[in-house]
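Heads up, there are several structures right after this.
You will see subunit A twice below: alongside subunit B first, and alongside subunit C after that.
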Partner chain A sequence: MSNVELKTKLLEDIKAQFGDKILSAKINYDMPQVEIDPEIHGEIHKWLKDHPEWQFNHFTDITGVDYLGKRDDSERFEVIVHLHSLSKNIRVRTKTRTGGENPEVQSLINVYIGSTWTEREVYDMYGIKFTDHPRMTRLLNPDDFEGHPLRKDFPVKGLHRGSFPKGVVINNKRREPQVTRQTRPKPADQMLPRTPVEQQRAPLREDGGDA
Partner chain B sequence: MGLEKVEWPGGEALITKSSEFIGWARKYSAWPMPYATACCGIEYMATMASHYDQGRFGWERPSFSPRQADLMIVIGTICIKMAPVLKRIYEQMADPRYVIAMGACASCGGMFDTYSVVQGVDTLFPVDIYVPGCPPRPETLILAYTKLQEQIQHTRLEGLG
Partner chain C sequence: MLKHVIDQAIVEEYPGNKDLYDLNLGPAHPATHGIFDNRCKLDGERIIEVEGHIGYCHRSFEKLSEHYTYNQVITITDRMNYVSSMANNIGWVLTAEKLLGIEVPKLVQYVRVIIFEINRIIDHLVCNGILGVDAGAYTGFLYFFELREDIYQMFDKMVGARLTTNFGRVGGLDRPLYPDFQKDVLAWLEPVRKTMKEFHILLTRNRIFIDRCKDVSAISAERALEYGFSGPNLRATGVKYDLRKDEPYSSYEDFDFDVPVGSTGDIYDRYMVRMIEMEQSVRIIEQAAKNLPDGPHHADVPEIYLPEKKDVYSNMEAMIRHFKIIMHGICPPEGEVYQAVEAPNGELGFYCVSDGGPNPYRLHFRSPCLYFYQSVEELLKDGLIADAILTLSSLNAIAGELER
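Up next, the complex of A and B:
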């Protein structure tokens, strides 16, 4: 099966599975791309990862886009996820729209543990909250930073200009970690077999692994 | 340093003012602490290493602890998240202390005129010498240090003449 046929078949599979929840599906710049309903944001990625044929087991990136003034305020932001299938060597891109006063998207940490920090980065830069995330706080900016820098209505020079007199350091109190033993994903969860191929493999350690 | 040669029983002696003698000793005794965050750090390493050899000018020993240093060289971009840390490091140094801001970013924010970058470390604490350049060459840093040496030489300390 050639590369283009493979990608077309992937889009057909996704459309057959999720039906009208898929808003659009096409090959964009040699990469299969689907725009999805926000409801199935968690579901479709779990399906792509657990699918016996496709096995999108590598989470590449999650990022956001601000379409201020180009789209309605209720769907102002777009959350974009890139996945990679190591066995098929193809990639897929999903786009989810969100917006309003408190933009929210389902979190992917139960599917891909590697998405924890990148989701926090998207929250930091765009103010998009990820539901069910155990620690939805800022990642790169100081904890008491005002605003979300990559929003189009954020001034480039920042909101603290003018209120930053000489000799004064802005307050950067470190918060106590909110993560507890119950909410934090255990190291063993990262090693649990997910795809059918992984399930056939012997466990890495007897006790399931405690890194 | 004004020296005067006088006759002394059993030979000759040199006479000077104690403040100038102490200043002469202090200016070759600075223990610098490099605080390198960006590409200017590479130029500082070249200054430190054998080719330019900063030890020739009396700052032989780079100290990586603020408590054993009296000259801080801020080398590179300082983000607002790093600013409180840098401020605390400066406060840990014992008086008399000196600061060199090396490069455009440490001096004035440089090309990063954005929300996340401190627009010059002189918003946090006083700076003695600004070194221009992006990054400055090692010769520039050596010149800055000799300028600072002149400054140290002519600084009068309380209770030391």
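Up next, the complex of A and C:
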């Protein structure tokens, strides 16, 4: 069976199993791709993994995309999962739309243990919560980080001028730094004169000091 | 070995993790080789529980690349796996070419294969050398670093940089090959073979090394696949999965080479798979360098590849194209692709969504490290601290790639 026939058969098998829960199925740049109803997000991956013929047992990738302004706000996010079948040597991509105030998707942690950290990364970057995940906390950013950086409405420069706020985080609580003679911000009149362009800018920090 | 003795000695359980000693292995520990934080709970020397914390090296590459043009993203990929930066460059360039539908000349494909395999060798050299250092054998590391220095000098001649190489452009190579390229590559292979032989004598049959590595932090094939392992770490468990064979890219189907697999997935298997892979890489480089075809160093795509500088000053069309590419960028058609390459650490995937603009709408790097590094919470559990150090270095997680 040639490669294209195999991919077409896979898509037909998925459509026959899940019927109208499959919103679309096509081959996109040599990759079989299905858009699914959020209800069957957990079910379809379990079916793909346990299917005796297809055996998508190699967990490849999970990520998200934000289509802000291109789609309705209730389905602005897409959770994208790539799976690979070693026995047939083909891949499949599934897409699940979510959105609204509290975007939620079922967790795959009972199917693929590899989604332990990667779902946390998607939560960190997009704010999409994965239900039934035992540790839905941020992965890459600090715990007290504001916002979700890969959303399209998050500015590249960040929400704060300068770097992260000063201080140390112990047990998820920010301790303010001790003000000593060396670290006390200088009064404005003792600071070096700024260039005309710099004078127009707002101060880098609330206390008037430099970053 | 020692682990079983201790397992027998400790029979009681620990309700509520009382009386356990907290130890932070990292984030700035010299033996973690990167900025990883592993918060361990210890009973004596035995690790009862580990919690991995990452993100100390996160530089938000995915956000940045949404604001870069397709050729500017190459500079980002350098800084992901900085031990084998050119492999990442090639992976991204292949992704962009797939999106644009460009077929590059045979010479470019062969040069990419040579560079890719050289990077695989130097990546495995560092990994296995450091594994020796962590086991207490410093000598092999220095043998290997001499080779690495030679190849960095060749990179310097080729692209003008040693570490952040920025190699290749969408549509071909960034410049023609320098005249002695073929000779330099072939001359480098002889010392590689010699050093590999010496390294085998030093470590492979070394009793102490085998005792430290055998049956430590083993993982089964099913579990590894569920985690999303790839590359040498997956092949050590016995799964014959190599993208160079399964989904050949860049003319890998032209070359004759074998894919080594292990059986138990322990540290020694990972070490041996890497050692044999280096020998196979030498074979591939030799075949590619001896049969290097003639031809142009880029595809004939004037609206994507920058024209030569002397044409820009003398030719009207070339100047217009130069202006268009610099000012407007490359605009691929709407669509999304996933391209994976067999990077030294495993499957390095690029998922790129294009909306028809000059920047990728969304670019996701599927880093192999993230998928196998999340298994440390399972692998280190119930082991000794000394084994934990070896496990971390045998997995070869690179912080820059893990956190991007």
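The rule is simple: the second predicted complex is superposed on the first by the 161 of 211 C-alpha atoms of A that agree within 3 Å, B and C clash if a C-alpha of one lies under 4 Å from a C-alpha of the other, contacts with A are read in each partner's own complex, and residues count from 1 in each chain.
We take it that contacts are C-beta pairs under 8 Å (C-beta built on N, C-alpha and C of every residue); 3 or more make two chains touch, one makes a residue touch a chain.
Quick caveat: nothing in here was measured; it's all calculated off a predicted structure.
With both structures placed on the common chain, the touch criterion links A:Asp50 to neither subunit B nor subunit C. When the two complexes are overlaid on their common chain A, residue A:Leu159 makes contact with subunit B while staying clear of subunit C. If you count the residues of subunit A touched by subunit B and by subunit C, you find the higher number for C. Once chain A of one complex is fitted onto chain A of the other, the partner contacts of A:Pro149 extend to both subunit B and subunit C.
Within the superposed three-chain model, A:Asp37 lies out of touch with both subunit B and subunit C [touch as defined at top]. Once the two complexes are laid over each other on the shared chain, residue contacts for A:Asn141 go to subunit B and to subunit C alike. In the superposition on chain A, A:Arg93 makes contact with subunit C only, while subunit B stays out of contact range. Once chain A of one complex is fitted onto chain A of the other, the partner contacts of A:Glu75 are absent, as it touches neither subunit B nor subunit C. Shared contact residues of subunit A, touching subunit B in one structure and subunit C in the other: 140-142, 149, 154, 156. Within the complex formed with subunit A, the residues of subunit B that make contact are 80-81, 83-84, 87, 113-116, 122-125.
Taken together, the subunit A residues at the contact with subunit B in this complex read 140-142, 149, 154-161, 164, 166-167, 169-170, 172.
Contact residues of subunit A toward subunit C in the complex are 28-29, 31, 57-61, 63, 65-66, 70, 80, 82, 86, 89, 91, 93, 112-114, 116-118, 121, 125, 138-142, 149-150, 154, 156. Subunit C makes touch with subunit A in their complex at residues 52, 54-55, 58, 60, 62-64, 67, 98-99, 222-223, 225-228, 239, 241, 246-247, 335-338, 340, 347, 349, 351, 353, 355, 361-362, 364, 366, 370-371, 373-374, 403.
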